[in-house]
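Same chain, two partners: subunit A is paired with subunit B first, then with subunit C.
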Partner chain A sequence: MTLTRRGFGKVLLAGVSGFAAPRSAREAFAQTHPPNRSLINGVQFGLQPFCYHDLAMTRENRGALIRRLVRNGMGMVELHATWVEPRFNDPGVSAAAARDSLRAWRLSPPAGYYRGIRKELDDAGIAVFTYYVNFDDSYTDAEIDATFEGAKILGARGCVGSFGLAVSRRLVPFPGRHGMFIGLHNHDNLSDPDAYASEASMVTGLSMSPDFKMMLDTRHFTAADGDCVGFLERHHDRIAGMHVGDRRKHNGRSAPFGEGDAPIIELLRMVRDNRWPIVALLEFEHGTLRPEVEEVDLMFDYCKRAVA
Partner chain B sequence: MTRILTSICVVAFAASIAAQSTPVHRSYDIEFLGAPLADPVLQHAKETFVLFGCAYCHGLNLVSRGEATDLMHSALVGRDENGNRIGPLLRAGIPQTAKLSPMPQFSDLSDQQIAAIVTWIHYARQQGRYQELTATPVRAGDATAGKAYFERSCSMCHAVDRDLSGIGRKFEVSALRAAMLDPKGLKAERSFTAARLHDTKLASAQQRHQALLENYAPEEVANLVAYLASVR
Partner chain C sequence: MAWLARLAPNETGAGGREIYLRECAVCHRDDLNGAPPEIPSLAGVAGRRQLGVITNVIRQGAGRMPSFPNLSAEALSAVVEYLRTGESINAGETAKSPLAMKYRFTGFKKFLDGDGYPAITPPWGTLNAINLNTGEYSWKVPLGEYPELAANGMKNTGSENYGGPIVTDGGLVFIGASNFDRKFHAFDSRTGELLWETLLPYSGNATPITYQAGGRQFVVIAAGGGRNRPGTPQISGGTYVAFALPR
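Right, the complex of A and B next:
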C-alpha cells in the first residue's frame, strides 16, 4: 500500500486522536480533520505558546495568540487553560476565594463558551492538540471531569500538566471516561522523588494507566542527563508528543535550537522515518533580542530543515 | 563574446558592491526590551541578561514569572557585592530544590558575561526599588531609630557636624528623601581617563548608595529622613 502525504496525515491525526477510541471513530476524525498547515513531511508540528514570553497568557490575549500562531505557520497548539478561563484573582480577593470562584466557573461555564473558542480556533485553522492544566490536590473530582469536558469541546486529545507521581495516581480514572489521555510532562528536578525527571520516574507514571502518555520535554530531559533518543526508541508507543527545545546537559541553560545538547534533528527524523504519530510542539526558553514571532520562525525553520 | 563577458563581470561586480553596502538588518524587539539605553555598558548588560535566558524566568525588570526567585526583593541579591554571591550561584545553579525546575547552571559563561548579568540585576533592582520607595507616600518616621540607622550605615562617610551640618534647615522633608534616594552628586559616569580610571572614592560612594537603595525598607527611609530633618 502506498501512503500519500495527505493520506499519512489522516493516519497520523487519527492515531493521535484516538488512543482509546475505536477504529471507526479514528477514521471519522481523520475525515473531519484534514492535515493542517504545520504538518511537514509527515511530522505534525505545533507550538507551546510559552515561547511568546512577552504575551501574557490570558484569555484577553487569545486573539493575539491566534494571530501569532497563524503568522508562524502553526496549525496545532498546546493551549494552556489560562488562555481560556477567566481570572478571579482581582486586587483584594484572597487566593482561596479566587480558587473557589474558578472552581464554580469550571463547574458551570457559560453556555456555548468552549464551543465559541473552538470556533475561533477552527476559523484560524488551528487544532488544539492538548490542554495544559496543572491539576493538583485543590481540584475536586467534578472539577477534573469538567476540565476534561471543556478540553474535549476545544478539540484537545488530552490534558497535560506539571504534576508529579502522587497527583498522577489520583488522575488514573479520569481520562478514559472522556476518551482522552493524560500527558505526563517531565521536568528536570532529579532531587524530588515525586517529580517526572528520570526515565524510571516516567516509566512508573506510564505504568499507572494505558491512558497515560508522555509529553516528553526534550529540554528538561537533556538537562536531567536523560537519553532522549533512547527514550524515544524504547517508549515511542507511549509518547503522545514532545516539547521540542534545546538545553545543555548537567542542569545546563536553555539554548537556541542546535546550540545545546538536545538531539533535536535525530528525534524529529526518528518520528518522520518511523511514521510515529508523535506531535512535535516547539517550546523554548532561551533568550533573544528579536521579537518572539521571529524567533519562533527561526526555530521552526531549524525543525523544517531537519525533516526536509 | 568579450563584450558579453565584460558586461557580466561589471554587473557581477556592481551586485557584489551593492550586497556589501546593504545594511545588515538586526531585529530588536523594542516593545519588549524598551528603547536602547544611553549607557552602552548598561545596554550590553541588559542584552546579556536577556540573551542567556535570565529574563525569561526572572523578568526583564525583575518582575519574576512563575516559580522563579523574586530578584527585586531577594536577600541574597541585596547582600551581593560585585557578583561575589550571584556569580558563584550562576556558575553552579541550584540543582537541589523543591521547585519544579531547578535553577540551571551557567558554567560556560565568561567572567565578563557573568559580570554583565550581575550589573543588570543590580541596575534593574535599583530602578525598581527606587520606584517602589518613591511611590510610597512620605510619612512620619522615628528620628531615634533613624539616628541608629545613620550611625550604622552612613557614618563611615557622613557626619551631621561636618558635611551634613544643619541639613534639616536646608531641605524640606520631601527634598531630603529625594536626595537620599537619588544623590545627584553620584550620577557621574565612570571615567576611563587614565588619571581617573581608578577613582575609587566616587566609585565606592556610588556603590555604597546603590547598595543602600537596593535594601532600604520604607520605614528605614522614613526614620532616616526624620533624623536628618532634626539636624538643625
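Right, the complex of A and C next:
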C-alpha cells in the first residue's frame, strides 16, 4: 500500500494505540485504495468537465475527455450522464420519441456497457465521484433505479443533478436502495421557491433524507449572496462535495479563481485543516483567452497553492 | 449553414394554440422545441419559470426576443395557459389580428446530420471577397472550425458564423464571427490568406472597430458568445477585447 504523508501519520497513531480500525469512511477508503493523482495535501480534487467549454459532452468525446483529465492531473471526475449514454434525438425524431428511446435504453443497457466504461476510467486512473443526471418528472421509478445502478457500476458514490425541492421529495427512497447518496446542487435563482439557492432551501432539502448531501456550488452560492464559509462550518457533515469556482456577489459575473467573491482559499483550507471528506470539484464558466486545458491548469494551480 | 424552411396556412382561430402558432411558432416551432441554444425550448417551460415571468417575457421581450404588445390580455393569458397545460382556451374576438397573413413561416430549422453537424459537404461557413468592379468573387476561404473535429485533423471546415469584418488601409481584414472556435482572425484582403488568429474569451459575434490613440492603432471586438453547439456548455459573457498593432 502506498501511503500519503497524512496516511502515514494515521498508521503511526493506530500502531501506538493498538487500535487499527479506521475511524471514518475516509480513512477506510485511504487504507484500501492507492492515492488518487489529484489528492493534494489531504484534499481530494477532481473536475466537473463542464470546464472544457469546447468539448461536446457526448459519449463519442469520452476518450478526449479522459485524455484531457489525465493531462490536467485529475484523478477524479463528476461524470455527466451524456458522456455515457447514447443520444436518440436524430433528425426527424420527436423529443418525446427520443425520450422514450432513452428510457428503454436505460432499462436495458447492453450487457457490460457500464463495466466497459468503468475500465476505460480505471485504466486512466480516474475515479468517478458523482454521476450528474437531471432527474425530473419524466423519469419512471424503474428508470431512476436503473440510473443509480449504472452510476454505481461506474464507481460513483452518488448522483447529482440540477433539480429542485419537488423532485427531491420523490427521490427520497432511491439512493438508500443502492448504498449511494443524492447530491443537491444549488443554483442562484432566489426567486424560484422550488430551487436550491438559499441556505434555508438547502437545509430543507437535506432534512428530507440522511441519504441527501450537498454538492455546494461556490459560484452560484456566492452569486446568490450566500455565506460559503458559514455554510461549510454549519453543514460540513452533510456536504459530499463542492463545485469550486468563482463569481461576483449580487448575481455577478463568473470570474477566474481569485478575481470574484467566492472564498475559495478559505474553503479549501477548512477542508484540509479539518480533514473533512469533502471532494473539491473544479468548475468554472468564465471566458478565457487560453485553451480550456490550460485554463484548468491555472485554476488547479490556484487551488494547489491554497492547500500547499 | 443550410436551413430548412416551410410555410403553412396561418391560423385564424382565437384559441391559445392558434395564437401560439401565429405569433410564437416562427421561432419556438410548432412543437415548442425551439432551436436551442439560440431559441430556447418552451416544452415544460411552466416547470422552469414562474407564470408571471413567462407573462412578462411575452409582454416585454427578453434578449433577442421582441415584445408582443399586440396581444390582448385575453390572448396573452390563452398563450400562457397553452404553454402551461397544453390546453387551447378561447381568447375571444380580441385575439384576432387585422395584420394576420395568409401563410406563416413554421420556424428556423437547421439542416443537420445525426451528429449535429451540417448535413452538407463542407465548407460550412466562408468568408468571401467580391470585386465590386466585376461582381465576381475574388477569393473565398473557410471561416471557423469545430474544435473537436479540428483536434482530429478535420480543420478548416468552416462553421456557422455571425459577425462582420472590417478592412484596414494596410490590407488587413479583421473578423471574429465563428461560433464554436471563439477565434479572432486577420486575413490578407487581397488574397484571403490567414495571417493571424487568436482566442477570444467568448466567440466574437460582432463587428470589430479600429482606432488610433497615442500614435498606435488598436482593434477592438465585443466577445459575447452564447451560440455554442447543443451538448456543449452554454457559456456566454460580455467582454471587449482590444489588440494593439505592433509599434
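We adopt the following convention: the second predicted complex is superposed on the first by the 278 of 308 C-alpha atoms of A that agree within 3 Å, B and C clash if a C-alpha of one lies under 4 Å from a C-alpha of the other, contacts with A are read in each partner's own complex, and residues count from 1 in each chain.
Quick note on the criterion: a residue touches a chain if its C-beta (ideal position, glycine included) is under 8 Å from a C-beta of that chain, and two chains touch if they have at least 3 such contacts.
Just so it is clear, the model here is predicted, and its values are computed rather than measured.
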Subunit A as common anchor, with subunit B and subunit C clashing or fitting: clash
First, second, both or neither for A:S254, with subunit B first and subunit C second: both
Touched partner set for A:H53, first subunit B, second subunit C, both or neither: both
Touched partner set for A:N61, first subunit B, second subunit C, both or neither: second
Which of subunit B and subunit C A:D246 touches, first, second, both or neither: neither
Which of subunit B and subunit C A:H286 touches, first, second, both or neither: both
Touched partner set for A:L190, first subunit B, second subunit C, both or neither: first
Partner chain in contact with A:D90 - subunit B first, subunit C second, else both or neither: second
Clash with subunit C, by subunit B stretch, listed 116-124, 152-160, 206-214 or 224-232: 116-124
Subunit B and subunit C contact sites that coincide on subunit A, given as residue numbers: 53-54, 191-192, 253-254, 285-291
Residues on subunit A engaged by subunit B in the complex (per definition of touch): 53-54, 162, 187-192, 195, 220, 223, 247-248, 250-254, 285-292, 294
Contact set on subunit C toward subunit A in their complex: 31, 33, 41, 43, 47, 50, 53, 112-116, 119, 147-148, 151, 180-182, 198-202, 223, 225, 228-229, 231-233, 235, 237-239, 241
Partner subunit A, residues of subunit B touching it in the complex: 27-29, 31-33, 47, 49-57, 65, 93, 95-102, 104-108
Subunit A residues within the subunit C interface of the complex: 50, 52-58, 60-61, 64, 82, 90-91, 94-95, 136-137, 191-192, 253-254, 285-291
